[in-house]
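Labels run A, B, C and D following the written order; every chain starts at residue 1.
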């Protein structure tokens, strides 16, 4: 640990040069050799069995066990022999042939598709006509795309927000490190945090100064795009992504301690919970009313004004919050497995 | 429109909202919510089934305030209601039988995340069963893919991680093909809803316009769905995923989720392109060949496995082969048998995975056959359930599997020549192979255990879990004895499909 | 179809090929980022500003950030291993 | 055929990109490159889909000055569909990268073949 820190502080140029020269190619080559060399030098397994669960989680142990078995099955020998290369070549040839064949068939199809930019193509039909000619009066949104995805085809968009939510949950399952019941962190979390501290940049005047200027502008721009989603290009998804980019920039410059003051795991959970349930319930209301032929009673406002479009603006805000929280938590989970 | 007409929509909404709420709940509460959601969906679907049995045709439900070619809609008929009822019943029983061993594979703080996945997977399955829009199909297939990935990966050992990486790569490739197909279909027709699409496609066939792209579209969408439902040559991801996932997840994945893809495919064939075009383009023969090959080759592979879970996973691939064989015959009787097989397989396979877990558990968590000796005595209910489920797989009379084989054979007899011969040979061979590996397993779980092996004492399975498994057993027997009304519902339901 | 349009489409193919042919992982990530930006410009030319904004923010922005943080994490794990070796 | 392909240049390029992405997906053993390949495949499909909606000489579907003529705007539907698709693909990228981190932490390599071999040696 200490060695790494001194390395970082004393010889940054050397580190950067090494990084540029070697890059990540080493990952590609001769990996088996590397791993086996590392594993031979691993410490004794029995010393690490303090708490059994944590020890089982330790990858060193798993890796050494795996390698022992590998040697026993002589798989490693097989890896080194030509068998793998021969199979690899056949596989490569087959895959290339398949890809070429597929491209050929698809190109053949493309040649018979409707012409690009043709105003009489089959896609220009009564559906498009109604969206364009009556979209503004039916949805109240000047941006027809926003009106289409949040009103005519809102069910897809509900599904899409659910995709984001479920993806965030899946990444939480994969990367979040569990706490103990009494709140004390497990060993893995401590390791991840110290690890993260090493790779987080030091307090950097230039970076922090520019972030202080940039973050508010980025956040404002994101909010502008969300709020104007029904009037101009953009909407919840792009605006949310921009906001999350601003948050990530702030996190990178100031670290988890400062960012944790306004954004914790609880913030994520509550914000995404509220916006998604608002979204689902609002849409459920309008679906129910629509399907049963009842008037929804939501005023559409004058098209073009900021307060128009019925439910579209609140929905855009909800989507924006879900997207920004999801993207931010992706980043935080990748860095240290939690907020 | 009465309140009951809204029930399918309510069931979808219930699952989605429960999934969102589960993110804020504690472990036990989330479990209870998931259980009650599956029960609620079961009740709602049963009411819908009752309603649709009284209607002559299916009815649309607008998802929004504009009608079909412009807005989104779901379409409810008796076949859809039957599938939804079956799926939610199977899920409910599996959850009761399988939830109690959740602590063994998912940590306490992640239990509510697991419940989110179950809820949203059910929501996606329901949407795929009911929906009438191809792009909605794509979006919810993606939800289902993510949900099943997370269901598997709650147990994070090397095997599940590798299996799920393979799973994701294959499934994303499948989604890519599916989306490309949908994009092309949109490009040549200008519609996304199934009814207008069907009309437009028939128009194209009549005028002879864009027929080349249409063939490619059918090929792309069929291939995408076939990859996702583990049809035989594309089954590469399936055995490892099913074998190494937690038992409850395997039950959900192989029992319920893989059926939704096939249901979408049947819907696509009937409602969008029409079965006549499928037959004239020879797509059904491809499915038929793949189904037959899968039935035999996957069974042979199952025999060669030493791990009981992998054996069951391979048998799952073989059973999907039955579905594709029925679908590939192209006549109504064949498709009917295929749909019935989907119901039977959902019930049997989920209970098979869960009872296998119990047998492994009483044998000291060892999966090889020689350690399983005597497991049927150590856990009596699981042994009985496993034996009966295996009998249904083989196709003993009075079980669902028998009716499936009978119907497949009858619909095969309608053909002459090589199709009839192939159907009969495939059924006979597959029955024989099934008998070989399932009887071998049943014999080995009732064999006297070897002396030197010591089996650790484990907590007995809770009573409610045993009761749920026995209830699934009753369902299997019901499918075998009282199959006539169900087959009738399927037959009349398929007529309203096109 | 304008000349710029054709050049951009050509560059897309070049970028896609470069992703798999470059030696360094970091390089291919940066090439992929360029690919996304070109895609955003193409969508702007195809009169779909909604898509252009989203692709620039999500495809070129967030996706690339996720890729970079993954690479950083992987480097962290790798260096941890090599330092343990050195300390022993 | 070449003339026809040139007229549909957008779609031609999309199909070629789809093939390239597919090849990267199959042939690259490095997990991160595989994920990039998937992303390329997805964006290729979106390009294909979006090119359906373009009509030469018309403007983006944002109503200006109350003009609601069909002949004034391009088709808004593909844009909406692609918007949905982009978000789906970024979710998948996140999950796959999380899987990659997990696998790397366990096996110290990004090569999927080596990982599969190492996993085979583990106890089931």
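The rule we apply is simple: contacts are C-beta pairs under 8 Å (C-beta built on N, C-alpha and C of every residue); 3 or more make two chains touch, one makes a residue touch a chain.
Please read all numbers here as calculations on a predicted model, not as lab measurements.
Asks: If I rank A-B and B-D by number of C-beta contact pairs, which comes first?
Replies: A-B
Asks: Please identify which chain has its centre, taken as the mean of its CA atoms, farthest from the centre of chain D.
Replies: Taking each chain's C-alpha mean as its centre, the farthest from chain D is B.
Asks: Report the inter-chain centroid distance for chain B and chain D in whole angstrom, where each centroid is the mean of the CA atoms.
Replies: Chain centres of chain B and chain D, defined by C-alpha means, are spaced 28 Å apart.
Asks: Hey, how far is the Cα centre of chain B from the one of chain C, in Å?
Replies: The answer is 38 Å.
Asks: Report the inter-chain centroid distance for chain A and chain D in whole angstrom, where each centroid is the mean of the CA atoms.
Replies: For chain A versus chain D, the centre distance works out to 15 Å.
Asks: Indicate the residues of chain C shared as contacts by at least two other chains.
Replies: In chain C, the residues touching two or more other chains are 1, 25, 49-50, 54, 58, 62, 66, 70-71, 73-74, 78, 81.
Asks: Note the residues in chain A that touch 2 or more other chains, in rising order.
Replies: 27-28, 38, 62, 66, 106, 108, 112-114, 116-117, 121, 123-124, 127-128, 131, 143, 145, 153, 156, 159-160, 163, 166-167, 170, 174, 233, 235, 237, 330, 334
Asks: Give me the residue numbers in chain B that touch at least two other chains, ranges are fine.
Replies: 135, 139, 142, 146, 149, 153, 156, 158, 180, 184, 186-187 - these are the residues of chain B that touch more than one other chain.
Asks: Can you give me every chain pair that touches, using the contact definition above?
Replies: Touching chain pairs, listed by label, are A-B, A-C, A-D, B-D, C-D.
Asks: Taking the complex as given, what residues does chain B use to touch chain A?
Replies: Within the complex, chain B touches chain A at residues 1, 6, 9, 13, 16-17, 19-21, 23-24, 61-66, 69-72, 107-110, 113-114, 116-117, 120, 123, 127, 133, 135-136, 139-140, 142-143, 146-147, 149-150, 153-154, 156, 158, 180, 184, 186-191, 200, 210, 212-213, 216.
Asks: Taking the touch rule as given, give the residues of chain D at its contact with chain A in the complex, in rising order.
Replies: 1, 4-5, 7-12, 15-16, 18-19, 22-23, 26-27, 29-30, 51-58, 60-63, 66, 68-73, 75-81, 83-84, 86-88, 91-92, 94-95, 97-99, 101-102, 105-111, 113-114, 117-123
Asks: Which bits of chain A are touching chain B when the two form their complex?
Replies: Of all residues in chain A, those touching chain B are 62, 66, 105-106, 108-109, 112-114, 121-128, 130-131, 138, 151-156, 158-160, 162-163, 165-167, 169-170, 172-174, 176, 178-179, 181, 269-270, 272-273, 276-277, 280-281, 284, 286-293, 296.
Asks: Can you list the chain C residues touching chain A in their complex?
Replies: 1, 23-27, 49-50, 52-54, 56-58, 61-62, 65-66, 69-76, 78-83, 85-88
Asks: Report the residues of chain D in contact with chain B in the complex, numbered from low to high.
Replies: Contact set of chain D toward chain B: 18, 22, 25, 31, 34, 38, 41-42, 45, 48-49, 52, 77-78, 81, 84-85, 88, 91-92, 95-96, 99, 102-103, 106-107, 112, 115-116, 118-119, 122, 124.
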